[in-house]
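The structure under discussion appears below in the form of structure tokens.
As written, the chains take the letters A, B, C, D, E, F, G and H, and residue 1 is the first residue of each chain.
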Amino acid sequence: MIRGKVVIAQDICKGCELCITSCPQESLGLSDKINIKGYRFVELVKDNCTGCVNCALVCPDAAITVYRQRKEVFKANQNMKKAV
Amino acid sequence: MIRGKVVIAQDICKGCELCITSCPQESLGLSDKINIKGYRFVELVKDNCTGCVNCALVCPDAAITVYRQRKEVFKANQNMKKAV
Amino acid sequence: MKLPPITNGFEIVYKKPDTLTDTPMHYCPGCGHGVVHRVLMEVVDEMKIQDKTIGVAPVGCSVFAYNYMNVDMQEAAHGRATAVATGIKRVLPDRFVFTYQGDGDLAAIGTGETVHTVNRGENILIVFINNGVYGMTGGQMAPTTLLGMKTTTSPYGREAASAGFPLKITNLITQLPGALYVTRQAVHEPNAVRRLKKAVRLAFEYQLLKKGTCFIEVVSNCPSGWKMTPQESNKWMEENMFPMYPLGDLKVPSQTMN
Amino acid sequence: MKLPPITNGFEIVYKKPDTLTDTPMHYCPGCGHGVVHRVLMEVVDEMKIQDKTIGVAPVGCSVFAYNYMNVDMQEAAHGRATAVATGIKRVLPDRFVFTYQGDGDLAAIGTGETVHTVNRGENILIVFINNGVYGMTGGQMAPTTLLGMKTTTSPYGREAASAGFPLKITNLITQLPGALYVTRQAVHEPNAVRRLKKAVRLAFEYQLLKKGTCFIEVVSNCPSGWKMTPQESNKWMEENMFPMYPLGDLKVPSQTMN
Amino acid sequence: MEHTPGTSEIRLMKGNEALAEAAIRAGLQAYFGYPITPQSEVLEYLAVHMPKRGGVVLQAESELAAINMVFGAAGAGARVMTSSSGPGISLMQEGISYMASAELPCLIVNVQRGGPGLGTIQPSQGDYFQATKGGGHGDYHMIVLAPSSVQEMADFVFESFRLADKYLTPVMILSDGALGQMMEKVALPPEGSLPFIEKPWATTGKKPGQKRRIITSLFMQPEEMEEVNLRLQTKYRLIEKQEVRYEALETDDAEIVLVAFGLAARICEKALTLAREKGFKVGLLRPISLYPFPSKVFASLATNAEMFLVVEMNAGQMVEDVKLAVEGKRPVHFKGRMGGMIPSPEEILSEIETVIENEQVNT
Amino acid sequence: MEHTPGTSEIRLMKGNEALAEAAIRAGLQAYFGYPITPQSEVLEYLAVHMPKRGGVVLQAESELAAINMVFGAAGAGARVMTSSSGPGISLMQEGISYMASAELPCLIVNVQRGGPGLGTIQPSQGDYFQATKGGGHGDYHMIVLAPSSVQEMADFVFESFRLADKYLTPVMILSDGALGQMMEKVALPPEGSLPFIEKPWATTGKKPGQKRRIITSLFMQPEEMEEVNLRLQTKYRLIEKQEVRYEALETDDAEIVLVAFGLAARICEKALTLAREKGFKVGLLRPISLYPFPSKVFASLATNAEMFLVVEMNAGQMVEDVKLAVEGKRPVHFKGRMGGMIPSPEEILSEIETVIENEQVNT
Amino acid sequence: MTTAHEIIIAGFGGQGVLSMGQILSYAAMVEGKEISWMPSYGPEMRGGTANCTVIVSDVRISSPILSKYDSAIILNQPSLDKFADHVKPGGLLLYEKSTIINPPTRSDIEIIGISAVAEAHKLTSKQVANMVLLGAFLSRRPIVSLENVVKALKQVLPAHRQHLLPINEQALKRGKELVNELIGESV
Amino acid sequence: MTTAHEIIIAGFGGQGVLSMGQILSYAAMVEGKEISWMPSYGPEMRGGTANCTVIVSDVRISSPILSKYDSAIILNQPSLDKFADHVKPGGLLLYEKSTIINPPTRSDIEIIGISAVAEAHKLTSKQVANMVLLGAFLSRRPIVSLENVVKALKQVLPAHRQHLLPINEQALKRGKELVNELIGESV
């Protein structure tokens, strides 16, 4: 499976949890900490993000940036696995 | 044919001629005279009115009153004719 | 008006309704407004509801409607007749309340009030005189002016690209669940007048049901604004207005009442 | 926002559009307004039309929309956004002009402007956020509030008999010949957002045709006004709002352009 | 004021809510309005309480619709009101002019916020001119009452309905966001304490044999329209004679008289205390009826006081009426804050000190 | 006035038409309006002539829509105007307040008719307060120019656009039905005689690297809103200093000075002639800019003249500004006709005789 | 020694009183005079009375609205009733006779009644009674020349009505003649 | 010898500052005092700061808006920064410690910081930190009795929240104790 990452702007996040609901991987969760505005913010809680972008699409505060493994890298890795 | 009569309020009539157009008997016509408002008014020009009410219905100024022979009278007349 | 004595054996089969005042109407010769006033009052007379009827006059040629229709009336600001009628009906829910409005009044400046009054299903009757022009102010373009039609403010003929399309507001409000009875009528010939009268009668009767708004559009003429004789104007109306604004019922209660 | 360095081999597949400012949005957690702002700006970015786009903000929660969308913007009086947009578009016909309006703004006080702007077929995009409530002023009833729904001004639930029916203004304006493209979308889940973006893209592209008004309704939530969590609000929206305001296209250009 | 017979109930309420509750107790039969901060509580309170107690509450599609619904209901004889703030009141100007012309009684509440434009929702007194000089077209006035406490928010509702019915005129309560939002104790008279009067002119349906009623503001012939205007002006002269209301505090020995209405007067009262503590002979005149303006009282004040200091939460509006009343006999100074800013008592105190100093330098 | 370079063309025109033609020649780019008597000729004339000469004419669905279209077009940098009368102008009050707050230039023409309410379509000056004190909410002013001839109907259009652009403010031409409907000779400057200025603040699309433009009247923080208000007030003080306009006729030796604007001033001019023929030393002061009001000139007049007689086609509105300017130094009398009635020169003459007599009795 | 001439023209709407005033005004403009033409105006619907005040002057005109006139040209009874008393002593009152039941009686002014409508009918079916009256008026008060009135007409008439120029000119001349005949007769 | 007590209560929206002021006001009403409660107000959306001015007095209250206060009850840093200097000399500044980074430093007033939020959490999951603070405040400024505050609560809480009465009462008392402990410690 292709690997992804999300970076969440913690000071912008309002903890609405909509990204959490929309993540097919259940990769996201609310932090116990509180940001400068008093909201519990969201963070990656599992390292299984696929970079599907769902979370970013539903985020009302444009707080999420999504990264994904480059195709070449992914393929190279796949090939490596196969090779192994 | 049943007989009718119309009475036109000449001071109210604005000479729009809509009644003239709508009279199936062509009983109505514009007078040569002019009323206090400067309009040529409408009058009965033929004695063949049937009291069909058409003219009154379309008159925008409610200037027309329509009379018709009572049914009894009409029937009596009819009978008289027949008798004759 | 004193009626002259008539040969015995005759009876009156048509006279103007008692609820129409004797004040001569200020309308131009052949203007449809007068017919609609009369028909409304015929129904009020027939239903014997003069004491329960309150009318609202618009701003437009019929601004003086209250001089002719002999019922209690209020004169509303331009476009606000249905808001005024709402105010009246809400505090006097057992009265018959109607507005009488032109196309500038109802379909231009009053669009918001028209849509929301019907959407609330106010139990009133809205009488809408569509003559395709602003009569009172001298023949300017109305929302209902036909494409290509020349008015003082569309001197080269109405163009859709800059002035938009003839607005069929009656069709719009028909969609609203608050609309109980919607019909489009005319007064250009005797049978049309007869049909209008039936519609008005129905509308007043429906008002007792408290099931929504009744809306009667009357496609009418404006000989002065159109710069035509009354006859020409009726002919032009039949040939040009009716195709755009076809006569007939748009919604009848059975459709909405079950 | 500075982005942290990421392991090599990764690339950015989603980041907020450049045309969205870095100003934190003042909306309540989970409010749909933010998503719609972002999607609009994504399209402006993609089409590279920031220098040609002029937006009009309403009076409503999105009154500060101009703080977030990094394009030239005007803030209109309550309900008058489409009139303001008309003024802009008429004098700058080659710009992309859009309004952004709530249901109170567009479908209550602005009804007249909405209907007439679309009827004129102004070549603008109207974005209409239907959250069934007046968010900004504290959760009063909107024209689109559902029957039975409790708000601060319908404390016993909206009743049709006194407050009228939920107004489907999008359906109304669809009827107008000036409407070129009319669609109803949402932002409650990723695919809905994707669909909205496509619609926005189309609408901006259609604006070049100068063939009429594009109108996008977004059925949205108001967690604060509805007194729900964001998740609850989205669920409630799906279950209650969507049946009344079903998503999808109401009019696409092919229908009107031949 | 003689309008609160019977025993009253004491509650702690927001100004907006007290006003709404008072309206119900004053026999309000219909309310038409549209939400706008800082007055939405009026509509919200009525939406909760009117249905239980009989009467119409309708959230209109706009302020424009609201004022015209008020027109209709007033014309039909109902005790009726609307409320709004800044932009919404501006939208009602045409309707208000119509009601003044048609001589219809009603209550219009303006809970002022900072303008112009969309402005801010913070308290302001920037709509004084609009209220008192007639923001609509033509020559007309409303009676304008300016409460300065939650109690007066309630009391003036009774007073307004009474005056509206008496003079057949729209009456405005000119309040502000602070008075609308703050809570104070308020004594509320029981329901039914304001009698209804006959309104034979109301359109309720023409009874057989009676003359029918027409409510209009159209008088095409200028002669006729001038007649109507003369009737209105006669009424306004009467109102100016009979309905002036003000409150004078410690003006007897005052060398400097503060003039302020509404919230600003409350703040001036505090400033007065502070100033008196410092030994300044300060008084306060609070116009309660802004129209009719208490012009006459200034004539007598001007004989004792050395100067006036008008304090308003605007750029200087009532100060014009004060100057017109003082007729140049004494200097009239002005201190204003704008756009939702509220002057503090200390700020007024220091203004008092400044003007006293300056006048001493000048003379 | 320096705005009419080039040779001008002389025509016989209605005031409304002269104004419309002047607007085109002054570079009008967009007009948004709605018909209402007695000003519909403005829209009608433009509908005929604007399309040929480039530019937008749009009949809006209402005056409310019209003023907000004006807002949008002005914000987009266009030279733009609207026109209406009484009820229609009332409907624009919210929009005018917004434009004043957002500091947008535009021209609003009020061809006054008799009010209040639907009133009559006959000429009136009943909207003076609304125009000069701000009929909308909040503290703001428009520059208000009052023409008294068809020539000025045209001239003031140029002047208005120039002032609007210079001060970033709505400007109103306060005319009346008579001036709108009457024909006189008018000299019209050629097209293009009023230059366009840069409007870097206009929303025309954010160019790369440039700051984007936001046009708003919302300033939620009261501190910020007060800033805006202070800026506006500073502007108004500047306008009051720089843009006062009036005409003085035979005031040098005048014992009684007539004060009138617009049509009333024309009638007073005739009354002045009649009075001078009778040996009365009468002068005429005609305020041209109603805001800023020419207050200062009264100070100097008050040293010579024994009294003032203000003549208005209303119940007495400008008379307040005159009194404020005269500061009680001389008696200020008032003669008004209302609701579309126009005073005749003879009527004014007899008023002159009356007040002179009364003052002599009094003193 | 007033250099201005102040005229009221009044009748039913549709009798051409406003355009009569306008043509007079245009003619005066051709002569380089100051002009003020002030119509009564009302809602655009037909009927009712109409009038206009025309002032032709060598100097700046003050009030465009007057209550006393040097001349009155009157086309119907209501207007006659309204304005007869407003003619200044020594002034001129010219009226169209056909619909006047109570003719004016003042002795301190010059009063001329002509049958302009009848004359117009003789000339043509088109309505040029107003030009007959204008011709008659100018015969007694030559404040502008007939040639300039014709020039004005040429300017004012829209293209599709230019063919009516001769008949208008005839009407003007007929009016002049009529008065001359009358004056010959009566004065 | 002022008979009035002038208080500012300030914090984030949602921390219950407005209701704290209201409950104090109701209690004062129970005691027959004059009251004025003046909230800051803004658009109804969440976030931002909120405050209210409460005046409790034996006589008619003049200005409901003040710039100097006898007491301040502060729940967050921005409010502390804004209002610390506005406490009259000799006055009381009570604040919630947890989020305060820069505590107040004035020496001419009494300053008390308590951990109301933490205490509230100890008592319950419900937000009663404001009641802890109110209890603490009343311990130093007994302008109304605790019993009357409880009475007020009883009146104010809607039916479905009446069960929260005991926990609120506990919180009030805990606040009082806290301060007493503190005073015992430090002063």
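The rule is simple: a contact is a pair of C-beta atoms (placed from the backbone, for glycine too) under 8 Å apart; a residue touches a chain by one contact, two chains touch by 3 or more.
Being a predicted model, the structure only gives us computed values, none of them experimental.
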item: Least hop count linking chain B to chain E through chains in contact; value: 2
item: Shortest contact path, chain D to chain G, counted in steps; value: 2
item: Between chain C and chain D, centroid-to-centroid distance (C-alpha), Å; value: 37
item: Distance from chain E to chain A - Cα centre to Cα centre, in angstrom; value: 58
item: Chain B and chain H, separation of their C-alpha mean positions in angstrom; value: 90
item: Separation of chain C from chain G, taking each centre as the mean of its C-alpha atoms, in whole Å; value: 42
item: Shared-contact residues (touching 2 or more other chains) in chain G; value: 42-44, 47
item: Per-residue multi-chain contacts in chain B, two or more chains; value: 37
item: For chain E, residues contacting two or more additional chains; value: 37, 58, 61-62, 64, 87, 94, 98, 102, 118, 121, 216-218, 220
item: Residues of chain A defined as touching chain D within the complex; value: 4-5, 7, 9, 11-12, 14-18, 21-22, 37, 39, 51, 53-54, 56-62, 64-70, 73
item: Touch list for chain F against partner chain C, complex; value: 34-37, 40, 43-44, 47-48, 51, 58-59, 61-64, 87, 118
item: List of chain F residues in touch with chain D within their complex; value: 29-30, 32, 56, 58, 60-62, 64-66, 68-78, 80, 94-95, 98, 102, 203-208, 212-218
item: Interface residues, chain C side, partner chain B - complex; value: 1, 3-4, 6, 9-16, 20, 24-25, 27-35, 38, 187-190, 193-194, 223, 229-231, 234
item: Chain F - residues contacting chain E, complex; value: 64, 86-87, 89-91, 93-94, 97-102, 112, 114-122, 124, 126-127, 129-130, 133-140, 216-230, 232-233, 314-315, 317, 320, 323-324, 327-329, 337-341
